[in-house]
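Next come two complexes built around subunit A: one with subunit B, the other with subunit C.
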Partner chain A sequence: MIRNKSMKRASLTSAVIAAGAMVLTTLPAQAATPGVTANEIKLGISSPTSGSAGTAYGKIPGAMKAYFSYINANGGVNGRKITLISRDDRYFPVLAATQTTKLVLDDGVFALVGALGTATHTKAYKAAALAQENVPDLFVNTGFSGFGDTTKYPTTFTVLPSYAMEAKIMSKFIKENFAGQAVALIAQDDEFGIDGVNGFKAGALTIASTTLYPQSTLTDARAKNLLTGLGALPGKPVLVMMGTTDVTATILKAAESLDLVSKFTWIAGSVGGDANTLVGGFKVKASTINGMLAASFFPDAKDKKDEYVSQFMKINAKYNKGVSFDNVVLQGMNSAMLTVQALRAAGKNLTREGLISAIEAKGSKFAGAGLVPLNYSTSSRVGYNGYWFGQLNAAGELKPFGGKLSIFTTDSGSGAIQPSEFKRPTMPKNGIPTNS
Partner chain B sequence: MIKTTSPKTRFTLFVVFGWILLILGDRVGDFKLYQGSFVATYALAITSIILLTGYSGQLSLGQSALMAVGAYAGALTIFNAGLHPIIGLFMATLVAGIFGLILGLIVARLSGPYLAGTTLALAISLPTLANQFPILGAEEGIVFDVGLPPARFGEDFSQYKWFFWISCLATLIMVWFVANLVSSKYGRTFRAMRDNPVAAQLSGINVGRLKVMAFAISSGVAGLSGGLLVMLISGVSPSAFPLSLSFSILTGAVITGLYSLNGVILGGLVLVAIPEIADSLVSRIGGSEGFITTLPGFLVSALLILAVVFTPNGPGHLIKRHHKK
Partner chain C sequence: MKNLKLTKGLVALSTAALIAAFTVAVPTVARAADDCQETTILSGIKVVDIEKCTGTDMNKSKYEIIMPAKFNGTLMVYSHGIRYNVNLPAIPVVAPKGSLINYAPEVAPSEEVAAALLAQGFALGGAGVQNQGWNLEESVEAALQVITIARDKYPKVSKVVAWGNSLGGLAAQALAEQMPGAVDAVAPMCIADSAQSEITYAGDFLWGMKQFFNPAIKGTNYSAGQAGYVEMLTDLGTVLTTFGALSAAITADPVTPQWPATSTVPAALKAIPVRSAILLLGLMSGVPTQSKTYDASTGPVGPLETSFGLAISPALAVLENGAQAAVLAVIANYDMELRYGGVVFDNSKTDYAKRLGDDSDIFVAALTGKTATAGMLGYLSPLNPAAPRVTANAAAVAKMNSVYQLQGKIEVPTIQLAATADHIAPAGAAQYLKNQYEASVDGNISKSGKLLTIWNKPADEYTTFSAAGSPVTPTGVTNGTEHCNYTTSQILAIAKLAASAAKTGKIPSTTAVKAAIKNEPNLFINPNFSAPLLKFRQ
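And then the complex of A and B:
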């Protein structure tokens, strides 16, 4: 009897302890998700907002904040408002590492969104221990294909098509439209440019002259020296610039002062070809960019007929006052819209694991401004996967080359370049996603 | 007569300070530990400037380049040669020291603005030279990984505490070594050379040799701080050593007081704390993006001007003067 009593007591105690443990392990796990409360989701971004990289890409955090403010004003995501904490890394690896670590450890963000830069973000990812902490690292603004390696970057999703894809499609474009013209390449000497060089090799493009320059070293004097040398190439050489917008501006301004603008057929890569930034931010003459070719995976930011552009323009006018709308703002707002869809797809019980799984499972169906498909899946962490080529006019509008929009998709390896039959999802009503 | 602390007292002070840091390390969060690691690293870089400029009278604007030399040497030792991180940090010191020795031999005849100009050119050109050698990993750089903390420290011993321990220990040992050096006869001859090179030469001091020696030791110290800096970001690349880093360290040294090692921690603290102060100021009073990004630079510049006007020999000197009154 006593034995039975003690057994009963033991069973009861065990049951209470087990139930208590279950409650304790369930509740704190939910409450302990960093950066998420019942009415707030805290996100972070480390990107350059000052210095020359800041002039080129500094509008991204502001554009994202503007879109989140719009969503917050319309009820937020599952009742939670989004707060975006922006920190300036000036495109320096040490600052990117410290700022990202601060966002994760000190600010306690739930996820990172829209980080910018390859050399900076590779350092930041490791320093902030994003893999160990399982911090979602969403929609990174880089085309470095290495971020697709899930063993090294298990929580990262990039948004731009890879530079290798861009170079492959550009090879096809040049061979088809400028056959017989010598091709010169000026590219940044890091994973950005090297990815591009490999893409041109995969695209079997013959390049007469390749110049690789370390980041921040292509000065006005060096650009002039370089253009003087390339000016000796016969005919009207195609000059491809695979660099950041500040470098594109340096090269174009050097050409202006050497009176060599008409000597070349200019092609700017997608990262460095925003007309508004070139003319408005870096004071390149409008006549210089008139006729320049540029790659893009977005609609032209000046195309008010595009439903995404027009909606984002409205949001920008209301929530990002005084900031002119351009490709950079478009990119920022688009990434913010993808983020909202990802958060919605992850459900009400938001966890870091759940967010990553949601993008893997549903990310390819997210609505976005891109004219090419999103590529997210369990085996792909690269976002958009194609390009179209256009020609800028003096007003900075990017019009389809030859009057016809031709979009191509490919991969970062040796896969074929295919014409795209992608039908872009329509803009959610009033720009507010309702996916689940 | 210059009053100096005895070596025994100095050693005790360093050990006590080390214990305080150890205890402190257990009481603050990971982010504070990470910031503390940067404070220690910058304090070490400032030490290298104080030794070179404050004690031996040679003005260098190229300390970031010497840090880069150490950082690459350390990274190659760990990543390519597969040796232990401690050996990596030792190699960072040694290789930067040898580089400084060679550089010192070349620039021994220069002084004042000529030396400043030469080292400035070095700061601009040397990190970007790394792009020319594939072994150095171009702009992407190479990994500098000291690995996870030893398992015997337990699961709660974070990566950031590990960084804090390594950087503080390395800094304490190196600053202790430099403090002993400047208190020895070499310190006296350094000061004699700084104050009047001709008189020093006439009293039998080999000024040329001493200059080279100061350059080599200072480079070694800078090299170690470079190694620690890239340890904190887990990789080395040319853009980790911008010219602005040299100016920041020099600023830290001026605020600390160029003629004393007593306040190097203060210099490191200032460099790490200023962006934080700016951040909290902005969040309290609000302001545009432009205001946010320019405020840290403004605060550092203001502090530099105030330091030059009110405490040209460092805050320590000001306190001493106050006590004398």
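And then the complex of A and C:
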């Protein structure tokens, strides 16, 4: 009996020790979420901040940092301050892979936000094993519809409407407003342009001339040659440019040189149509962009009456000193605000899985500057899903075409193009989200 | 010869070979007597007293064992990488002064490494395998015999580390997997993948060169005897001449270089800058897009900065890497066809568009757009009779694959070193071992914590440009690129970690490993880092 008792005690002791050991061995498995401490949430962005792509899009990380600084100054997110680590990838896929890998493995970020570029991010996503590590990949700045494939990109949420959506809605716009005019398309010969070409097909737009150019090959000489040829089209052809801002600038400057600016009705896609960058960064004449049509899902970055623009301008002035406010800054700040809401929605016990689930569940209700709906759900990782068309004036302001804001939404496939009655959520008080 | 350590794959010990190996482990009468001499070597300014023993094992492989006077108890047995299996006349790049088949034993990757290890008290051993070329089975046997002979002669040997470069790394790993009791730790460096993986890698690139640039390249199916030898030599010349033409074209005009005169592709394809065709071949084969000179991440300051880094640099990297990959394919195909009795390269069912995968989007600018990519892939399609596919000899392939294939059954601590831009044994070979081991752990075959992979990567940006904006070829090698291109200090760090692991039976702690490589900015460890597998494995 005594022996039995001893054995029981021994067994009990062993069980306690074993249980303790289990707890101890379990603890490492419950290691803290990467990039999250009691006081900090570490985020990362790989994007071009130098080189020609940096000229066009280099303001995004700074704008995001500015907004996060503002939030941090106002208590952070659930008591945690946000740190954004920015790495310059110069728009080179190989370097983007390196930088993104470093963000995840060396910097130990919790999530990526605002990565820019299709080729760069395609390479980086795989190289940094974002899927395997379940790293949230938020608000990627590309309209490539392929990133909506949750099998291939299970942690990715894009923010821009897809290029296909843009082309479909543009088709409707052109047919309704420029019927009878020849249409010419100049687009990148990659997933960007191909998405667009497919969108124009879905939108049943007849295009008289399509020119696809490999990225980085549309030189001044080629642009002039191209415009000279297109100048033979009758009337005042509609010339659609679906490319990056530097290429839009190259084409417009070629038109200036050839005195062909007035020959065409110019339409710039959303990616390459920021007036401030065209005029300020690439030295396109203000008179050239005057009258140019552009697609947008945002308010005009110069519209101080817009509550989002107004608030972001204030934040930019204080936390991003010396940087002029434009569509790129607006884009960066808006993505930062979406990020803050996503982090809040994920709750205090922040996990990567929780963040992804929170965006799927609540992302469509996040407040944002977009004038079109956010489309996040358990079945959609694409953010904004529509466009409106405006016309630039010489001051670079984008005003609704025809004086009336007409918003349309659609999908990347064969879905209908529909007018939208979307009511944008009110800007959170002082630009500080309070959602949960 | 050493410039081109053609590494490849794997052959493995068959049961018969295992029996043979164990047979030699028992008696020693079959081998020639050792010739031992006491002498000294210099390690830096330090004089090290050693005993150097040389001999020939029962399979007629020469061996060498060097025992320092102050022995620390650990023997490191080194397996060398692949060597040419034939004598070569003077051939630029490949064998500038000509070369004879090299049967000399090697005990370390370099004399400097050997001296440093001996100075630290390690004994060294290694063989010069009696049968060169793709000799994995013989290499494993030779290493095993070195261990046996050394233990027999020096009972004070308490621990054994098997290590090697390239094919030798594969041999070390194959030895450890099949006979874990023979070694206490393993250190494969720039490990090769299997014979089939490697011949597919190099063979795809060579086949593409033939179709795009020069149909005179034979590539496979070399004749028997002297005629085949001549065909192989002729192919080497043709390949090098073709690369010369490509290089000249790109030098003349890097943006829109012309196709070589030997190309017979349609005019429509020739309208595409030939650099894009080179890149396409590299991407579909898995040739790294970073090379000694080109980082694919830099451009000259000025208007060409983005377009160079985006569209030109990756192609030039493939050109620089591809020259050796193509030479490898010629020599390896010749060797393997002789060894296995027929053509072993096969692309009869290869879907190169699928092989290209996401790279068609990632490098779309460098490939001159989607339209050009589709055109080039169309030319390489199996439906194009102008680009005939190669069908292997099934019996030869079966023979090639009948030998031991790595299983990832790791029982002793294993520390591997692999470069992310190795163009002969791509990093995917190390990743494959890692994957195999993880599967083995998941299957409760191996215990966890026995494999550490140390990666060697080039600096983020390293291409330099002249004042005129031209890329400058570095005078030295760029660490993290090229084949088995490790520094002495990097190799020594790995050797010492492996020796430590041999003593404890465990992989050193992360802290210890980081301390060991803290002065090596191009080395890193991260269990979550993953390199793409060779295309054959994807």
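Here, the second predicted complex is superposed on the first by the 406 of 436 C-alpha atoms of A that agree within 3 Å, B and C clash if a C-alpha of one lies under 4 Å from a C-alpha of the other, contacts with A are read in each partner's own complex, and residues count from 1 in each chain.
We adopt the following convention: a contact is a pair of C-beta atoms (placed from the backbone, for glycine too) under 8 Å apart; a residue touches a chain by one contact, two chains touch by 3 or more.
Quick caveat, the model's predicted, so the values are computed rather than measured.
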Based on the superposed arrangement, let me know which partner A:133 touches: subunit B (first), subunit C (second), both, or neither? second
Taking the superposition on A as described, I'd like to know which of subunit B and subunit C A:153 touches: first, second, both or neither. neither
Applying the touch criterion given at the start, work out whether A:88 contacts subunit B, subunit C, both or neither, answering first, second, both or neither. first
Touching A:53, do we find subunit B (first), subunit C (second), both, or neither? second
Touched partner set for A:389, first subunit B, second subunit C, both or neither: neither
What is the contact status of A:62 with respect to subunit B (first) and subunit C (second): first, second, both, or neither? first
In the overlay, answer first, second, both or neither for which of subunit B and subunit C A:98 touches. both
Answer with first, second, both or neither: which of subunit B and subunit C does A:308 touch in the superposed model? neither
Need the overlap of the two footprints on subunit A, from subunit B and from subunit C, as residue ranges. 91-94, 98, 101, 105, 118-120, 122-123, 126, 129, 132, 188-191, 194, 212, 214-217
Residues of subunit B touching subunit A in the complex: 29-31, 34-35, 38, 128, 131, 138-141, 145, 159-160, 229, 232-235, 237-240, 242, 245, 289, 292-294
So in the complex, the part of subunit C that touches subunit A is made up of which residues? 289-290, 295-299, 303, 305-307, 309-311, 314, 358, 361-365, 367-372, 460-461, 526, 528-530, 532
For subunit A, which residues count as touching subunit B in their complex? 49-50, 54, 58, 62, 88, 91-94, 97-98, 101-102, 105-106, 118-120, 122-124, 126-127, 129, 132, 188-191, 194, 212, 214-217
Contact residues on subunit A for subunit C in the complex? 51-53, 90-95, 98-99, 101, 104-105, 118-120, 122-123, 126, 129, 132-133, 146, 188-191, 193-194, 212-217
